[in-house]
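Notes for the one structure printed next.
Chain lettering (A, B, C, D and E) follows the sequence in which the chains are written, and residue indices restart at 1 in each chain.
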Amino acid sequence: MNDSLHLWLIPLFPFAGFLLNGVLGSRLPKWLVTTIALLTPLWSFAIVLSAARGLLGFGATLPSLPFVETCPVGWIDAGALHIGFSFVLDQLSLVMLLVVTGVGLLIHIYSVGYMAHEDGYWRFFSYMNLFMFFMTVLVLAGNALVMFIGWEGVGLASYLLIGFYFQKNSAADAGKKAFIVNRIGDFGFLIGIFLLLANFGTLTFSEIAAKLAAAPAWQGGVLTVIALCLLVGATGKSAQLPLYVWLPDAMEGPTPVSALIHAATMVTAGVYMIARTHAIFDRSPFALGIVAIVGAATALFAATIGLVQNDIKRVLAYSTISQLGYMFLACGVAAYSAAIFHLMTHAFFKALLFLAAGSVIHALGGEQDLRKMGGLRKKIPVTFWTMTAAVFAIAGFFPFAGFFSKDAILYAAFLQGPGGKIFWFAGVVTALLTSFYMFRLWYLTFLGESRSHDVHPHESPWSMLAPLSILALLSIGGGWIGMGRFGTFLAPVVGTSASESGSTQLEILLSIVAVAVALLGWLIADRLYRQRPESAGNLAAAMPAGYKLLINKYFVDEIYGYTVVKPLLAISQYVLEWVVDVAILGGATWLLAGTAQFAGAILQRWQSGNLRSYAAWLTLGAAVVLLFFLLPATLGMHVSGMGR
Amino acid sequence: MTYLNESILTVILLAPLAGAALIAILPDRGKLPAWIGLLTTLVTLGLTLHLPAHFVLSQHGFQFETSRLWIENPAIYYHVGVDGLSLWLVVLAGLLAPIGIVASWNAIHQRRKIFYALFLVQQTAMLGVFLSLDLMLYYGFWELSLVPMAILIAMYGRKDGSKAALKFFLFTFIPSAPLLVAILWLYANTGTFNFADLQILIASGGLPAGPLCWVAIAFLFAFAVKVPVFPLHGWLADTFSEAPVALAMVVAGKLGLYSMLRFHVGLFPVQARALAPWLVALAVIGLLYGACLALVQRDFWRLLAFAALSHLSLITLGIYGLTFTGWDGAIYQILNHGVVDGSLFLLLGILEARYGTSQIACYGGLAAKVPQTATLFVITSLAMIGLPMLNGFVGEFLILSSTFTGVNRGWAVAATVGVILGAAYMLWLVQRLFYGPQSPLAADKPASDLRLGELLILWPLVALMLGMGVAPSIWLPTIENRTGPPTLKGSITLPQPSLSLAASGEGQQ
Amino acid sequence: MHLILFFIFAALCLAGAVNLLLQTHPINSALSLIVVMTSLAVLYLLLGAEFLAAAQVIVYAGAVMVLFTFVIMLLNAGREERTLGSRAARVVGFPAVAAFLALLATVLLKAHGLGRAAMQEGVTSTDDLSAVLFTKLLLPFEVTSVLILIAILGAVALTRHGDGERSASK
Amino acid sequence: MNPGDMLRILPEIVLTLTGVLIMLADASLPANAPRRALGWVAALGTTLALWASLWQLSLPAGTAFYSTVETSPFTVFFHVLICGIVLVVLLLSLDSLPAESHNQGEYYALVVLGAVGMCLLTSGIELLVIFIALEISSIATYVLACYRKESGRSPEAAIKYFLLGSFATGFLLYGIALAFGATGTTQIYELSRLLPTAQNHTMVLAAMALMVVGILFKVSAAPFHVWTPDVYEGAPSPVVALMSTAPKAATFALLLRVVYEIFPTLRSSWAPLLWCVAVLSMTVGNVAALRQQNVKRMLAYSSIAHAGYLLAAFAGLGPSGIAAASFYTAAYAAMNVGIFAVVTMVGGYDDQRSMIADYRGLIYRAPLLGGLLIFFLTSLVGIPFTAGFFGKFYAFSAAVGGNAIWLALIGLLNSGLAAAYYLRLAFVTVQPAPDTESFAKVATPTVGVAVAAALLFTVGATLVLGIIPTQALQAAETGAHTLQVPANDENPAYITEGTQQPRGNRDGIE
Amino acid sequence: MLSAILFSLGVIGFLIKRNLITVFMSIELMLNAVNLSFVTFAHQWHAVKGQIFVFFVMMVAAAEAAVGLAIIIAVFRARATLAVDRIDLMKL
């Protein structure tokens, strides 16, 4: 087993798929494209699974984790800098890999049906495989720079996939926005990497951890700065405040993309990164506090926006942001395993939500507006039931997966001193809002009467329904792994936090509160959208300012536009180009040239063509020369060989 | 083989000239000059590849050296040689030439003979700059490189070629006056133009410090204009938007940057160190400035010009960070810039040839019509903005990280902001050209996608970008085997901060 | 005696020169120039250069000035036209001349005894002159022939060509 | 007088005989007979003279005719240079003079005889000889400038040149008189021997000042340059090719003699003056040229600027300065004759097309001429591997060696400025010509054998001086050394050195 | 001294005369001034050379006169004027 485990094969397969489909895809028959696209992640999944099997004690024994694999040839060897390709398989990356390859595989399968009639079928799958490649690299990365490869790479894949319908301006815009906003985050990450390099002389996670362990007194200071830089990177990728703005727009991409990248895997990379570098965060309570605040604030903030969105995918997008906020909150209270746990369950139910939404959209021929749906329960039953499972899961109802993970986070937050209570409270309010808007969505989509008459919904093909079903099962049962066992499993990597020490009275109490809150949300939704459908509008009318604020997403995009983008462009255009480049620098050049020309003009006047004036100049010259020689002599200052 | 090793550089220098002569002799019939040009450049490329193939890694100093007395008094030698610094640059110059020919293949319709002949002369001059180890010989090639360039810009300018050509020429020619005076001063005080001798003599401190400082500034000034370094970039945008594609892709950067490394930092380490803070500042300003201006350009050549300003500033930053790692990164980034810019120029040139305009606003939605072009363009753009696994990243990372760790954190952070801006303007360009609904121009004009010849040159380039991004270890060891300035040798390395050092809050810049 | 003669002729010479400038008709100027030259010839004589005095009269006053008058007649040159003239000539020229004169004067005055009437010892004989001329300075003498040749050639070319041209064009 | 003396002036004799022969033949030929053959005779004679001067290298350096002329590597250098220029100009004239011109014979004779003066100017070591030689060359050029007198411009050029030239000669002559007054002699070596001990210091200075003024006028250095543009514009192009180079070269040789041989001890006086004149010349020349629309006028200003560069070499100490100046003279002559040859061919004898706008698209109409024009222009700009570069390089190298770094800097910046107008012309020639009637009618200039030879000669010289200048430079240096040592018959210290001078420097010197 | 004054007068003549021929005469005046100084110096130094120089100057002046007047004739034919200030076709 030891010999047969080659980590590099995990990313290699999707990459091969990417290359094959990307280069030859346009010429290959569709079935072959499909086969390639599906087989490659399947293969990776199989490797991961075999590794996991060994690890969990089912099959042959696996070497002790972490299992490190380093490319014999370095990547960047320059001067004192030695950075190699190194992959690490440990508990943390194993969980992530399972999620990534597993959910990824399902979504690939789903896409076969969903994208069947799209033009760039091969292109889509090559991008998807590319994403899988980078995502696995990101997860397996043994040092920060390799992680950065994956980090940027998934951003690239995301960019390409969001802009998949590139002929739509909105899609192309969204892709660009995603990439650039991510870049802002990457900027932080990169600075973090530089700081790591400067302070540790290495980027390898294990070495960093070892060096930290060797210096137990090292707290805060530069570590806080590093942590905050990494946090900036994480907020970019995981769509946290203030860099979340790209994610809602990213919904322009095909729905499977939203499911895979913008719900299940890529956006969780930030969480994963913080967990991966937790050794640094642990040394900086301040940074952790910031992480928690960011997480809690994002969770609440995004949830409020989610309340009023009418686009089914945007609702889900804001819910994703909100859920990611939970994960950050968990990280912020050092409950990394809880964060990863929620990451995993979230991957299940959010992927399911998106896929189901995709199925709905598919059924309605591309309609995404909630206000035009309704009454679909009968027409697409499989979708309805699976979606229901997901809704319950995200709302945090026992015994669905979301319950366990969310519960663990809230509990961990609650334990985190006085500030923790506030976080807990924010989490609970978020849970209420989440429950409300998810059920709102549920009601508007499936229940009531159809609000659109010219469509004939139909159930999706099996290739889409099968993944839905599997994910539904996971959403229902995924939580039973249990926080305790999960925490223990991850403990070698991320350590344990107070919350993992088994169930206590307090935890049960808190769980009850959470479930109650979720129930409350359901009830409100039920009242507003089932019993008295008109009251929702009334409520909005009653609070016009608040509604306007929410429906416009707090005008954040506009604020960014007016404070960052427009000024930047304006400064570039008016100040830098026109004033500095054209006026000052160009002017200086012009002035020099003009001076020469002007002098030339003066000399031209000198050259009058008149013989006598020429003679005059000549005489003047002669006089000056004479004076030049004689003056020093007459003044007695002349020094020469005369008389010697 | 020994004989070949001794004369290979001369052969490399003469090969393009021979091609130019052949073109000049043969009639200007059809594509004949282009074919000869292509053949010549390919042969030259093959010859340049001989260098890395036979470069002895373990041997320090210059290799393939040839030195012959050219003029007795003043003693000027025909002295050529390569080390790790120039080795790949020579190959790069060899590589860019066939690309330039392909880029001109359909863009140059008339007067092919003059074009290709001068193009080849230009190549010789460029190679000469990289190879010369005698200051006068170097200066000769340095100046010679201006002429074919200026003439071709004047001949093939898009709108007002001669104005741009004049601007280019004067901008780069006038600063070389102080350079020549400085060289003459050196000769007057040392009696030699030989690079290695001068290096030793200057390092020994026998020369008066005051004038030497001015000499260093004169050297720097000439190079800085050629690079260009902000605020001396006035010629760049006009030249880019006027010059034929094949020339625009070689005009900026390489020569000036190489010269900075070899003849400024290499000859005047002490003075360079004194000047370095200014240059670092200018480089960072230029980096951001270029990026900001690239954001608001309406013409893609001008956009590319400011993007180039930004990237070249980054390399300047790497050079004047005065760290070994930074130099590695700088040299590597010069190569990257050559490859990436070559490819971008080629692609944009193809677009311009097909659609007849360089106004970005006229384009839109091309991806559906010319998918191959779009794909390659996107890949190249990504390499340009420094996506990991593509070549741009390696150089960028080396430069930025060395600046951060070895020079100044504030500047490094500011320079890293350029990463964001770089993505912004390139992706915006991609979007405006290829995505969105088709513009009237794109919809109306029937245009074919890339032709076989173009693909044959572009895919290898893309492969090269990938290769250089994944396996820089092929290049870096040779790059590191260079003759650094004697006083700097080993004195600056990446600091290896101990934990205690870091813990003492040294990180809080 | 010599001194008196010197001053007389020097004055005459200067007067002639000034007259040359003041006259507006070329022919008058030419005549004043002859006055200058002949008085100079006297001065030469006073300075002991008898051969030169003769040559001055013959070559200059005779041949050259005849040429001048001839051309004046040929071209029928009338009074000078009142043209605008050159401002630069006046603004720049006169101060320059003044300065020049002043400087030159200082130089010559410093050279003792040069400007004044000289003693009369040592009249250079034509014999001595020719002896030197045909031995030591043979080459210049010969070379002068080339000069004369060119002058003739040029004058002929310029004038004859014009005639041919004119007749050809008419 | 011994026969050996005749050998010392062999080139001059050959040239004189040629001139006389042509004159006689011209007179004896029937009035309407073609006189083109006379041009070939002249060219042949000049070639012979060139060989004769080269042959003089085998003579021990020394003086003749009672120390009125000398033969040394220095004089040979300039002799060869002048003969070369004259040869090229003759070849050029052969094809560019209108065939029906009646006085071609006189033209060739004047050119050849003028060359006698120029040659003597460089070899004379007696101010009297020098004066006469100067007059010979001047008068010849006055007449030649007037040659195209059917147009109003040519005589105007001639009269301006003539009057101002005579005017300047007056100054020179006064300078000689004062030098004579200070020492009682006009023989250069005696002068240089006596001058340091002369009683009247101010007079010596004044003598030097006036002589320098006269010479600077001839080399058209600012502020004595004012005549140049007008004369160059008006005179026929082949004549400009001649008079912008050959008499200038000779006069520079004279200037070298005057400042380095007569007044070496007054270096501290004249060096700053020449410094200033150099700066003024190049600046005035280049700046004024910027706005010119007439090619010949522009080149006139450029020649002023080049005089400035050349004077910069005088800042060099001793032999290095002399050698640099000599070399620059040769380099400048090569490229300037070349470019005027092109201008002659393009503009025609009657200067029909001498505006810059007329050169538009030249390279397409006449690829050879256009290409050569650009080539010479790049040489004038001073691009490496051309004569112009090495000329400038040595001149400023000498200046830097003489610690005149600022001078070198100003000079080189000036040459940057100069690039602006040179390239303006170069770029105009590569611009596509508009398809208007006026351009369609322009006939493509035809290049005959003689002109082709002339062009080949100049291109070859420009390239050789730019790429393998070693021999020419050695010649210049040897010459410089012989000039440095005050030579007289009793103490021929330099003779051995002179004889070792390698022969066959012809390929270096044009 | 006299010669200096004469010389300067010649120069002034060049500057103020408006007729080509008189301008030329002014030049002759200058040459004469030089001659005078030569003779004087020759007298002072008892050197024959000075006188010979004068002799040559005379010859040169004669030659110049021939050529110069020929040119003046040419100018007159081409332009029908002898006014100095009219001869300014070429300028700037």
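In this text, contacts are C-beta pairs under 8 Å (C-beta built on N, C-alpha and C of every residue); 3 or more make two chains touch, one makes a residue touch a chain.
For clarity, every value in this text was computed on a predicted model and none was experimentally measured.
Indicate the lowest number of steps between chain B and chain E, counting one step per move to a touching chain.
Minimal hop count between chain B and chain E: 2.
Return the chain pair with more inter-chain C-beta contacts, choosing between D-E and A-C.
Between the two chain pairs, D-E has more contacting C-beta pairs.
Which chain's mean C-alpha position is the greatest distance from chain C's?
If we average the C-alpha coordinates per chain, A ends up farthest from chain C.
So how far apart, in whole Å, are chain A and chain B when each is placed at the average of its C-alpha atoms?
35
How many angstrom lie between the CA centroids of chain B and chain D, rounded to a whole number?
For chain B versus chain D, the centre distance works out to 43 Å.
From the mean C-alpha coordinate of chain C to that of chain D, what's the distance rounded to whole Å?
Using C-alpha averages as centres, the distance is 30 Å.
Per the centroid of Cα atoms for each chain, what is the distance between chain A and chain E, given in Å?
94
Using the touch rule from the top of the page, what residues of chain C touch 2 or more other chains?
85-86, 89-90, 93, 97, 100, 103-104, 106-108, 114, 137, 140, 144, 147, 150-151, 154, 158, 162
Which residues belonging to chain E are in contact with no fewer than two other chains?
If we look for residues of chain E contacting two or more partner chains, we find 7, 10-11, 14-16, 23-24, 40-42, 44, 49, 52, 56, 60, 63-64, 67, 70-72, 74, 77, 84-85, 87, 89-91.
Could you check chain A for residues that touch two or more other chains and list them?
Within chain A, residues 604, 607-612, 615-617, 619-620, 622, 626, 630, 634 contact more than one other chain.
How about chain D: which of its residues touch chain B in the complex?
For chain D paired with chain B, touching residues are 363-364, 374, 378, 381-385, 389, 393-394, 396-397, 400-401, 405, 408-409, 412-413, 415-417, 419-420, 423-424, 426-428, 430-431, 468-470, 473-474, 477.
Where on chain C does chain A make contact in their complex?
85-93, 95-97, 99-100, 103-104, 106-107
Show which residues of chain A lie in contact with chain B when the two form their complex.
Against chain B, the touching part of chain A is residues 26, 73-81, 145, 148-149, 151-153, 156, 159, 163, 166-169, 171-173, 175-176, 179-180, 183-184, 186-187, 190-191, 193-195, 197-201, 211, 214-215, 217-218, 221-222, 225-226, 568-569, 571-573, 576-577, 580-581, 585-586, 589.
Could you pull out which chain C residues touch chain E in their complex?
Counting only chain C, the residues touching chain E are 10, 13-14, 17-18, 20-21, 26, 29-30, 33, 36-37, 40, 43-44, 47-49, 51-52, 55-56, 59-60, 63-64, 67-68, 71-72, 74-75, 77, 80-86, 89-90, 93-94, 97, 100-101, 104-105, 108-109, 113-115, 118, 122, 124, 128-129, 132-133, 137, 140, 144, 147-148, 150-152, 154-155, 158-159, 162, 166.
Which of the residues in chain A end up touching chain D in this complex?
Interface residues on the chain A side: 596-597, 599-601, 603-604, 606-607, 609, 611, 614-615, 617-618, 620-622, 624-626, 628-630, 632-634, 638-644.
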